[in-house]
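Read from first to last, the chains carry the letters A, B, C and D; within each, the first residue is number 1.
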Amino acid sequence: MSTFGTLFRVTTYGESHCKSVGCIVDGCPPGMELIEADIQPQMTRRRPGQSALTTPRDEKDLVQIQSGTEYGVTLGTPIGMLVRNEDQRPKDYSEMDIYPRPSHADWTYLQKYGVKARSGGGRSSARETIGRVAAGAIAEKYLALAHNIEIVAFVSSVGPIHLFDPESTPASEPAFQKLLSTITRQHVDSFLPVRCPDTVIAEKMADLIAQYRDKKDSIGGTVTCVIRNVPAGLGEPCFDKIEAKLAHAMLSIPATKGFEVGSGFKGTEIPGSKHNDMFIPHPTDPLQLATATNNSGGIQGGITNGESIYFKVAFKSPATISVPQETTSYSGEPGTLAAKGRHDPCVVPRAIPIVEAMAALVVMDMVLMQQSREASRDMLGKAKRVIPELNKEEEKVAMKVAETVLEAQGQ
Amino acid sequence: MSTFGTLFRVTTYGESHCKSVGCIVDGCPPGMELIEADIQPQMTRRRPGQSALTTPRDEKDLVQIQSGTEYGVTLGTPIGMLVRNEDQRPKDYSEMDIYPRPSHADWTYLQKYGVKARSGGGRSSARETIGRVAAGAIAEKYLALAHNIEIVAFVSSVGPIHLFDPESTPASEPAFQKLLSTITRQHVDSFLPVRCPDTVIAEKMADLIAQYRDKKDSIGGTVTCVIRNVPAGLGEPCFDKIEAKLAHAMLSIPATKGFEVGSGFKGTEIPGSKHNDMFIPHPTDPLQLATATNNSGGIQGGITNGESIYFKVAFKSPATISVPQETTSYSGEPGTLAAKGRHDPCVVPRAIPIVEAMAALVVMDMVLMQQSREASRDMLGKAKRVIPELNKEEEKVAMKVAETVLEAQGQ
Amino acid sequence: MSTFGTLFRVTTYGESHCKSVGCIVDGCPPGMELIEADIQPQMTRRRPGQSALTTPRDEKDLVQIQSGTEYGVTLGTPIGMLVRNEDQRPKDYSEMDIYPRPSHADWTYLQKYGVKARSGGGRSSARETIGRVAAGAIAEKYLALAHNIEIVAFVSSVGPIHLFDPESTPASEPAFQKLLSTITRQHVDSFLPVRCPDTVIAEKMADLIAQYRDKKDSIGGTVTCVIRNVPAGLGEPCFDKIEAKLAHAMLSIPATKGFEVGSGFKGTEIPGSKHNDMFIPHPTDPLQLATATNNSGGIQGGITNGESIYFKVAFKSPATISVPQETTSYSGEPGTLAAKGRHDPCVVPRAIPIVEAMAALVVMDMVLMQQSREASRDMLGKAKRVIPELNKEEEKVAMKVAETVLEAQGQ
Amino acid sequence: MSTFGTLFRVTTYGESHCKSVGCIVDGCPPGMELIEADIQPQMTRRRPGQSALTTPRDEKDLVQIQSGTEYGVTLGTPIGMLVRNEDQRPKDYSEMDIYPRPSHADWTYLQKYGVKARSGGGRSSARETIGRVAAGAIAEKYLALAHNIEIVAFVSSVGPIHLFDPESTPASEPAFQKLLSTITRQHVDSFLPVRCPDTVIAEKMADLIAQYRDKKDSIGGTVTCVIRNVPAGLGEPCFDKIEAKLAHAMLSIPATKGFEVGSGFKGTEIPGSKHNDMFIPHPTDPLQLATATNNSGGIQGGITNGESIYFKVAFKSPATISVPQETTSYSGEPGTLAAKGRHDPCVVPRAIPIVEAMAALVVMDMVLMQQSREASRDMLGKAKRVIPELNKEEEKVAMKVAETVLEAQGQ
């Protein structure tokens, strides 16, 4: 369906060739300052070649808040938002009425809905993501204000060009971890048009994309995203583990084919003794623990541990290309399709704010869920711990005993 | 929360040290024959070293249907199921009360719930998956009866040992596609204990696991799953694309770190012209189309196209190991933890029925959703197609025109 | 929250003083003809003194479809709709900033959201119901096309003036049942402005409302609604019985205080032997049964039996009145509030299309749920009946036996 | 479906003739002491003729907690509970296999599920409510501990015998309001077997029930319920107003036909000037307001105002009676049905704990929702009020101005 989230719930509407695209955000906390200018920057970053930092000369995709605020403050009621579509007329008769585009949604939408429509395919288009980005911007504002949470995504590969060696497991690599802990959106946008935070590699990526554009072909890539300052305790086992919701969110973005969190696929090759993130005293909070490494990607047992969450998303090469393709018509006749017009040869640079938005929607919902749990628990007075909590002295004695046992076992 | 699905809805309960684990399945179609013997084989495959094909001598994890059937036929009402836990007593005082296990749920459950419990960690244990497998077995039975759908998972890697070269993109490889189209659970189980369908590689994997077991360490791996005979039209854009729900389902299984569908991460390096799956006339159904390749993994625009769905899931190395680990106690004191007891050095062989179950739950829910849509549409009479549908003659004329245009453009 | 329904899902936004009010309808069957003219009549009936049958001279509350249709046919994708608010400025400082209106939402919205807003109260206003009516009109169109379902509401009381004696139980009264089986919206609107289908009583009601209007006071009333041609089998036990969903829907309409279905409150005084609706052969369908009476209101065990559903809804007298009220300010100071402006002295005539809309939303969702179940069951082939189904001959023998037993028991 | 609630979510299973009935409670706050003895009293009150206060000699319907607690403290994980059914065998062939019981679920379950089952009807039986009562008892415990909330239901009518004159509107009657503010479960149970808190009327009711029992007939009645110490701010506009959720909950109980809150149906006859509940300074909390009357039933605009919630529920006379009924068989043949066995001639006394349980489930879910909102708002710092909040001095000046205006208008 077109709704995402439980307590912070987003419902979107709209396809390419209709009057507007938009969304309703239900469950935004009341009393937060919110105006269009809080939302527009991410909308603008979604457009080709735009940075959040430059003044958008191109006044397109302007979001309009319809409800849910008064005098620039949220009321707690649903926030309606919309962006007008400029050209609402479906295009004239074309080769796309004869051929379903290979690896595109044309054919499957017809199978699903039984309606052969131009706008139907439009619901599967990138334009559908506008509502997600608008809703995500609201979530991001709350998360920043209430928890200082920062969400930053960047391009980590285009075709075979990778920012970090994909054969290594960067999870434990200091350079990768340092990048995650410092990168900002401003820095990412300074590498436009590719948004890969390395001058040399970004240039190579831009060249590769240009080559595919010139060949009327397309190429895929990956986006890496980090979420910093996440409170411990987020995630709802067992089915709504936070990595499960993130995977759901990311694979709902058009053209995605994969998701990995923390050490991911390559991490499966590392033995537990190296993969486990040992606990260390927390650098600033004596009541918390931190971990020495972060192969877990900030998540243990589906619940955040307070370290940064990071994950990578795979985007396939766009299906709509102008190079002629030998395919088959709707009625089963072989023929050649060459889509007209200019098409995006690589989506990852524009996918950045969409990945950030979906990440924000997941974290926001989980924050509201956990705040409810903590508040409900606090009403009971001090929560009982069902096995006795040891004080430091008792714990030391117990550790001594355990060590003796270990020695006796020859370990 | 502990509920999964919309129309076929599973709710589970239970942790390691409680009376029973179980689930309620709501939304099972009425009138289907169902007895415990339909469910037990997958329950048994979940246990170490068991095949669905051998008579289980070890009468453990016996599922008991509580409700929802009469004389062995489903009523359409909720099906309650449970499996008794054998040892319900939480263990005696141990080193795990002092140290949260690194990369395990001990610490994060305490952060989330504020209750330090032995069973708390138990909810994050593999025992929680019993309810999933029981529910999945019911879904599988319906899918097989109503649509002849087959779901088969197998081990595709253990540590660095892969069934197919991970640097290639097996999506288009004939050997890989042939395996997907023919593999059965019986064949998979003939490679016990590893469940990797290649005698030589399975042996290497078994050796590797044995090495880690002997070192009291652990290792990860991947599971690949194929779903055959999927009707076209499943998946609910935009947030509940079928790959999004599959990703959600798989990342909710304990110890998972990644998911990729179709060509996945490596597929991002292939240009669109090669990655696109060209349409061909359907081999058996003149009203359908098929695709020449299947990089899409059976999904276009979030909706099934009738080809096989296949995906891969990454499982990290188990966190609970007996090799001593330098970590920190709950109260922040450094020390050494060495978990006692025998622990599973690699989970992928046992994860097979869990992956199959979660896949079945996703497909079942999507089937019921789509059946509702198709039935509702059919009540309206012949659905109107909003752009004129061409007959074969008209289409040929249109194709001729399109080709002339292409030629004129020098393509 | 602001979402209603599972498979036919409506999400609304908007309050009095914002740019627009609107909704997103998700789950509408594809392939249905739908334009604004299908929706506008009910929107217009919601406005004071308007009939669906007269051309609305007053071009207000014009609904605009934003998405989800192409060439006037539904695509199956979300349908966005909105109605612009005319005066978007919150009013100037007034006595309502000092006093929370008694029995109104002013005080409780402040308690809930912690934000003192003019528009906050606006979310509780009748204007919020616009989105419901728009969504309901789409549901009604489908229900009429697919099942010939008719939904008609009318005013059954204003203050102490009742269309039928409230001390009797009209459930079994032939005049009441005949009215239910024949009444149309056109007939109801011929009794404007009160919409009570009896000339004499409607006039009395109009007089009573005028009296309260002149006294700057207000009065309540009831609305009765009938749903005809409902298929048997709708309703989702145990929590989502169809009467439970109807009660939920009706009590979510502003100013409602009660709901009763079938024989309702007075029916509790009738013994089972008279209250039970005896089965009779169905007049037209030999495979169905009908009932001789309809105290059940078309629902048995939470599931429709094929007879008409009917229910009554209580609306209290409007809280906003101009007669001075001795009350207390937000800060606890006693004083006198007299709301300025013209206020609706009785809401029941305008509530008619809102009651119809909410009824349509409930039935539509239940129809889609049941269509999914029936389709899923049909895929299994002939459903097994778990106790042997008798043919007519066998049944007669069994009845003979049963009668003999009854006689032997002296009954 | 068989799930109720969003954050405190109950899923039930079970029918008459299966192994057990039970439920899973998801979302219970962690750290609360909970053992079977907290739940059993309401289970016992559900059984005929039992009081919560007497030691149950009859050890039936014993609830067993399966999971979610350790050492008697809730873990925050799902709580599985079950009650064994004693006689699991469907009964032998009987007249009920020939005739669907009039006004019972036999016929409609067959229409819905297409399965003719004895247990199918069983899902519609009172036995299904066991899971509700068990879950409600957990909610009640939390509400009492965290908010001192008290929920008490009692019988307010049996047939035509009413505790309060139904032609009056007891909402404003001091005797009724006093009863609501003082009644306890202990007091209610002192009027067993009828549970109507008036010695004379309870005796009349008992006599009436006995008469119908002797005639093998049945009779209906009403239950009134009060919820005290409800925090202001509960209820989720616009669709999930608290009265809407209460109506949903109550109409989901078997045999219910009506719901009214506060002044209810009779209140529609009272003009706004008398019906409005004027605000008064709160007797104990200077930051709150109270109301002088409580026609609203503690709810304004769908949100609690801090006064007591009270409502009335109509239960029809039970459909299963032994007096012979002229009806029609499943295959359309007229005949006479006389149900064998002993049947409950009036359900209202036993319905008391079920009404209380469903009320608790609604309030609990709303409490958790509102706690999340308040916590999320509090993280933003002091919430901005979008219209200027006046201090007492400013307010007095504004009131003076408003009064001058009123005088000038001659009011």
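Just so we're on the same page, contacts are C-beta pairs under 8 Å (C-beta built on N, C-alpha and C of every residue); 3 or more make two chains touch, one makes a residue touch a chain.
It should be emphasised that the depicted structure is a prediction, and the values quoted were computed from it without experimental measurement.
Same interface as A-B, judged by over half of the contact pairs sharing residue numbers, among the pairs A-C, A-D or C-D: C-D.
Between B-C and B-D, more C-beta contact pairs are found at B-D. In terms of their C-alpha centroids, the spacing between chain B and chain C amounts to 43 Å. Spacing of chain C relative to chain D, judged by their CA centroids, is 22 angstrom.
Centre-to-centre separation between chain B and chain D, using Cα means, comes to 41 Å.
Taken residue by residue, chain D touches two or more other chains at 1-3, 12, 30-31, 70, 73, 75-77, 90, 112-115, 117-118, 123, 237, 373-374, 377, 383-384, 386-387, whereas all remaining positions touch fewer. Listing the residues of chain B that touch chain C in their complex gives 6-7, 29-33, 70-71, 73, 75-77, 142, 145-147, 237, 367-369, 371-377, 379-380, 383-384, 386-387. Of all residues in chain A, those touching chain C in their complex are 1-3, 9, 11-15, 17-24, 26-27, 30-31, 64-70, 73-80, 82, 90, 112-115, 117-120, 123.
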